[in-house]
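To start, the structure under review is shown below, and the notes come after it.
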Amino acid sequence: MTTNVKTDLENKGRSRLTVGQKPRWTWAACLAGSAVVAAAVLALIGFNVAGWAVLTAVLYVASMYVSTVVLENRRKATNGLWTNLVFGAFVIALLPLVSVLWTVLSIGLPGLLAPGFLASDMLGITGAVDQQSVNEGTSVLGGVAHALVGSLLITIGATVISVPIGLLTSIYLVEYSRGGFFSKAITFFVDVMTGIPSIVAGLFAAGLMMTLVGPGTNVMGFSAVLALSVLMIPVVVRSTEEMLRVVPNELREASYALGVRKWRTILRVVIPTSISGIASGVTLAIARVIGETAPILVTAGVAIQTNWNLFQDWMMSLPVYIYRQMMFPTAPSAPDASEQRAWAAALVLIIIVMLLNLLARFIAKAFAPKKSGR
Amino acid sequence: MSKRIDAIDLNVYYGKFRAVADVDITIEPKSVTAFIGPSGCGKTTFLRTLNRMHEVLPGAHVEGKLLLDGDDIYAPGVDPVAVRSNVGMVFQRPNPFPTMTIRENVLAGLKLNGQRISKGDADAVVEKSLRGANLWQEVKDRLEKPGSGLSGGQQQRLCIARTIAVEPEVILMDEPCSALDPISTLAVEDLISELKEQYTVVIVTHNMQQAARVSDKTAFFNIAGTGKPGKLIEYAETSQIFNNPQEKSTEDYVSGRFG
Amino acid sequence: MSKRIDAIDLNVYYGKFRAVADVDITIEPKSVTAFIGPSGCGKTTFLRTLNRMHEVLPGAHVEGKLLLDGDDIYAPGVDPVAVRSNVGMVFQRPNPFPTMTIRENVLAGLKLNGQRISKGDADAVVEKSLRGANLWQEVKDRLEKPGSGLSGGQQQRLCIARTIAVEPEVILMDEPCSALDPISTLAVEDLISELKEQYTVVIVTHNMQQAARVSDKTAFFNIAGTGKPGKLIEYAETSQIFNNPQEKSTEDYVSGRFG
Amino acid sequence: LTACGGSNNPTAGGSETAGGGGELSGTISGGGASSQEAAMTAWVDGFRSVQSGATVQYNPVGSGSGREGFLAGQYVFAGSDAAMDAEELESSKDQCGPDGAFHIPGYISPVAVAFNLEGVDTLNLDAKTIAAIFTGEITNWNDEAIAAQNDGVELPDTPITVVHRADSSGTTENFTDYLAAAAADTWTYGVVEDWPEEIVAENAQGTQGVVGQVTATDGAITYSDASAVGDLGTVAVKVGEEYVPYSAEAASKAVENANSVEGAAENDMAVELDRETTAAGTYPIVLVSYHIYCNEYADQETADLVKAFAEYVVSEDGQSTAEASAGNAPISEALREQALESISGIGVQG
Amino acid sequence: MTTTTQQSALHDPKSAGGRAGDKIFSGIALTAGIVILAILAFVALYLVVESLPALTAGEGELTNGKTSFWSYVGPMMVGTLIASGVALLLATPVAVGVALFISHYSPKHLSQPIGYVIDLLAAIPSVVYGAWGMTFLGPLLVPAYRWLSENAGWIPIFAGGYSQTGRTLFTASVVLAVMVLPIITSMCREIFVQTPKLHEEAALALGATRWEMVKMAVFPFARAGIVSAVMLGLGRALGETMAVALVLSPGVLSANLISAGNQTIPAEIALNFPEAFGMRQNELIAAGLVLFVITLVVNMIARWIVSRHKEFSGAN
């Protein structure tokens, strides 16, 4: 009964809060209108589906903006416009992803599913073997075992070197330096390092190892590890630096005030708080170097056999494998077999990075701040 | 064990800006001292010099002497960490560690420094500290939940519990009750009275009644104007400050009808 | 222009957790209403539903009706932005925009409306608002400095100035004075009394005296225990709540000796 | 018996060898020309069937880097599309003892002029016309100059898209060497590894790149190692009075008839091809890629391994294995004998 | 006053041990910084020593018949800057948009998977991007190039015909943009979600729309981070080798985005290094040095922009 009385307080059906709003079907009208106009315009200059979709989207966003300005106000229109653009950005980002993934999957999947692809290396796979399998339509022989092992070893090696150095450097920059000359120098040179072209890093590592262990023996997995570290360190430093900087000072002070030493504060408070950002930065850095071709080619060489030793003999890696198979087929007259292996290897590489990403996310989940929203 | 604090000609700077000038004060052990004064007069700043938290800010530094039981905490070679484990602090804004559970937050001071304690001991510390901060009843069933999920008042009491847990000799509190409801405020005030049996307590407050209720001595800080440094105007027994202040500005300030 | 607020059977949730249950309340225009109650009873939570800030948190939602001059602000199709420009809010923790100068902070809300205001008008608004928040004297020479360089109390007054500047119809304040010294508190309380000439003001406070001084009506919230929802226990004229409460728990609460 | 996920590698050497023969063991590394990669893969594999204990690895870093690595002692043999110059030969004495290094023409392959033209599989062209097409003077397939040499071929009205190598390439060098020698008036850009940038045309990376581009573009033409041209149409080149299509024998013949480089060491088989030859049945656009070995190695084991490998490469078995895989031209009997003679001199220093 | 000669609690030996921990840790952190400087010193030394012959070469000494090194590398510098510039112009708005979408626009339970999907873009090796750009994207863009050439040919960057194969500077830029997108996005996203709730709510409570809130609270807070993220992306775009080498059909500098021609420094190095030796190698390494310097200058400018607003940074 009281409730009844109370609902009389309502201004039924004439809420001033919804006054002056555009009709709810505005978006549908705009979409339909845009589609028709786009079709008409394209009919004049030659219709194609992609163009039609793009033009419709553009017209839709524009017409929504104009109609909101007219029917409501500019602020709302601006808000709507940016919302549409942000959604649009997402869709645009998806297009190349879908396209690349489709290309890789459609060519690479049969290769990946070929029996023994992951367990085999390229020992004994000559042009004659490929020609035979292409001519007779049998399954393509050979695989990526050796490249997989090489890529993993080299990348793990580079990560083991770069992450501590990068993380510690960013800790130095954020926590210890007080903006002095030395920290400015490091920041500056880390910037410089991001500009090292990957091939130059490879040449440098090869040259350095040549002077250290002499020519010949310098071609080994470890040289590649060094080359990739040079590329990886600046990425790790810059991303972790950014992540450490956004940890609120309140938390550091809270810890200091409890009599906790600075280094423990850093390890136990600052890093856990920013671990999700750090993990994704590291993943990014790994993803960045695991796909490098040129520097590995000039440092670790090529191989057809699995090599587990980073410090001796040549080592194959996935990107080099992909590149060589794609550009220099084992059988020049039957390149299809190599192409299939190349795309399958690309698929393997992508899957590895995906798994890495999952791992990073898992780490982030396990350690991340328990957010409550306030 | 409690400690005496003596500030001798203390000047506190933010870079070139002198925020607090020429403070001379002696804080007795096993007492509660309240700092009062208008906003911006440097209460927080001065408080933070007492456990060397001030120097954490870039450019911030201190001139003069600050003696803790006769040892200058700003003497060369003194480890600020040693100072801070003797002088605990509760901040104006509650700041629990977001990555930690409630339990971990209470144990932070012990655990973060790498001390090993048995689970039983830890449980005892957690309960004792949370009870001391009047938070036990509310959180005892969700000790493993993140500390940041609590309300503002709950968070502040969690921070007090965290500070008590390390059993410092001096406890500094910067407006610890400004986010608390009366029941928690009462609990904290009771706690302060209990604490002074053993510890030296310094508290910043805007609440005259609170100062009157809990403190033995009161220090009134004031500021002549923006850009000027804050100064210690009067320091005496609380009853004298509130009933019979020597300075005109003290009287003006405390005679306000505020709660 | 002020507005009346009617809550009808309002339940407020954080995900599955019901933080506030079954609130029925009518807040008259041109009045000051105070929310009091122990920590964690849902004062902040309920206050935040009045301008749809509650739903900003993930999983947070509301059931029931909330009428602003008869219009349900939770009705489908209502734009929360429109609600919030009518219902301003001052938070418990001061939160000036750190990247803006003091002046920009004050003008932040006005600039949103996209209206070009002349420099002269803007200056007038800045001065009026800062004076209203009793901050003008302290900051008038450093209007172009970042707002985050102020002390806690100064920051909070800056936030009040920022809210006043947009001249909303209802002003919500969540413990606005908890970080303020008595002089600023007095200024803010005076301001609240001035504001109610034109606006509807709702204030959360832990300070009984303050509630008694500034509010026309007082609502007492309480919570039966952890995990239980907060409830509106009693809502009446302030004098009645403090002198002649109908409920036992209200009496227990307000008769505390707290300040 | 092969478990799921087990390796699918063929047994060593692909076929006959059982149990693996040979008594040598160890690893030798070489590096250099990428043109040899497919053939080298076959040789490495084949050699493993002869000498099961020995491993050869080859890094296709390019001819120049290969030679450089060889001179620096990084590789014990090099593959190179171009012979070392006098200076390099001189410096090879550091690694190879007083007699320095020597070349063996281990990999011979015709360079095909390949095109993609609807309904046309083969065209007859002389050097001048080829040069005119690649310099951009002739821009359409139905040009007078082309038609004149191809009676009865239906030439469409299609613009010509020239596709050249984007990277530095031994193939480009051989092709331009031919143009510069046989059509000096039209081709004025000299012998270059990098396509002259004055000629604006499409280009792509690597043999596979240009072939792929031509396959995808109607009316396109390129030059490429013949083994990779696949289904593309190819040009029969005018030699003397006849038009010679590319073939293994015709390419081999060009090398056989070549002059050896003046002033080279006795066992050095570096050659200068006669691009203007009029000898019947010779295809003049030939890529000769050398194997470069030391006359003397520092230790016996390396010397034995290198010698065995070098012998295997030029052996009948070696050349036919490579042909099966890479589609190159096997060297002639005469060349083989000469090469074996040269290789037999490999020894140890000191 | 008590005498301070006796051992005070502030100097107790146990805490001195802990102090060593602090020293060691900061020492290690500092060492890490020094290692970076050392590595860089080596790289710089290597680059400079190896480039000197090319930098000081006189007329006729260079392998490509250019009169000086600068006339060789100059056009490629321009090509590199155009390619990465266009790539950043394309990628930055989209990347920031996607990051915003993930942090503030998408439904909360979708933001994680979406972030994951975008990170996938970073998982794709550059060789694959190159192959994709060459075989798929290039031909796809040809009609657009034809249209541009016919209708917008008066604009210098579209003047002078269009490519039949689509292997142009613009295609290369698009591929680069796709490659740097996940880098910028994931860094921006991490920063955006760190925006203090206090400030977001302050904006909303003033009646800000979502976009206005983003402008008032999120962007100012993330400003330095965005610049850093873009610089990281730029670093990748400037130095990317294989993808450009595969996609671009290089030639002399024409600054025309839609026809064959132009060249970038990394692609030039990658294409020619395998067959290079002697002076040619020196030239290419010197080109690498130039690239190095370009990145350096760009980064310095970015740092300068960020530092100008330090006073207003969001961290404190």
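Each chain carries a letter (A, B, C, D and E) given by its place in the written order, and its residues are counted from 1.
We adopt the following convention: a residue touches a chain if its C-beta (ideal position, glycine included) is under 8 Å from a C-beta of that chain, and two chains touch if they have at least 3 such contacts.
Remember, predicted model here, so these are calculated numbers, not experimental data.
S.K.: Chains in contact with chain A and with chain C: which ones?
M.R.: B, E
S.K.: Looking at A-E and D-E, which pair shares more C-beta contacts?
M.R.: Between A-E and D-E, the larger count of C-beta pairs in contact belongs to A-E.
S.K.: Among the chains, which one keeps its Cα centre farthest from the Cα centre of chain C?
M.R.: Centroid comparison gives D as the farthest chain from chain C.
S.K.: Based only on mean CA positions, could you tell me how far chain C sits from chain D in angstrom?
M.R.: So the centre of chain C lies 84 Å away from the centre of chain D.
S.K.: Please compute the C-alpha centroid of chain A, do the same for chain D, then give the distance between them in whole Å.
M.R.: 40
S.K.: Roughly how far is chain C from chain E, going centre to centre by Cα mean, in whole Å?
M.R.: So the centre of chain C lies 46 Å away from the centre of chain E.
S.K.: Could you list the positions in chain A whose residues touch two or more of the other chains?
M.R.: 75-76, 79, 248-249, 261-262, 264, 298, 326, 373-374
S.K.: Hey, what residues on chain B touch two or more of the other chains?
M.R.: 81-82, 85-86, 93, 113
S.K.: Give me the residues of chain E that touch two or more other chains.
M.R.: Where chain E meets two or more other chains at a single residue, that happens at 18-19, 22, 135, 196, 209, 212, 273, 314, 316.
S.K.: Residues of chain E touching chain D in their complex?
M.R.: So the residues of chain E touching chain D come out as 64, 134-135, 139, 163-165, 167, 245-246, 249-252, 260-261, 271-278, 280-281.
S.K.: Which part of chain E faces chain C closely enough to touch in the complex?
M.R.: 108, 196, 198-209, 212, 216-217, 220-221, 223, 309, 311-314, 316
S.K.: State the interface residues of chain B toward chain C in the complex, per the touch definition above.
M.R.: Result: residues 37-40, 44, 92-93, 137-139, 141-142, 150-154, 157, 175, 178-186, 206-210, 213, 226-227, 253, 256, 258-259 of chain B touch chain C.
S.K.: With touch defined as at the start, can you tell me which chain D residues reach chain A in the complex?
M.R.: 2, 4-14, 27, 29, 31, 34, 37-38, 41-42, 44-46, 48, 55, 57-61, 69, 72-75, 205-209, 225, 227-228, 230, 321, 324-327
S.K.: Quick check on the complex: what are the chain A residues that touch chain D?
M.R.: 114-131, 139, 141-143, 145, 210, 214-216, 218-219, 297-298, 301-305, 313-314, 324, 326-333, 335
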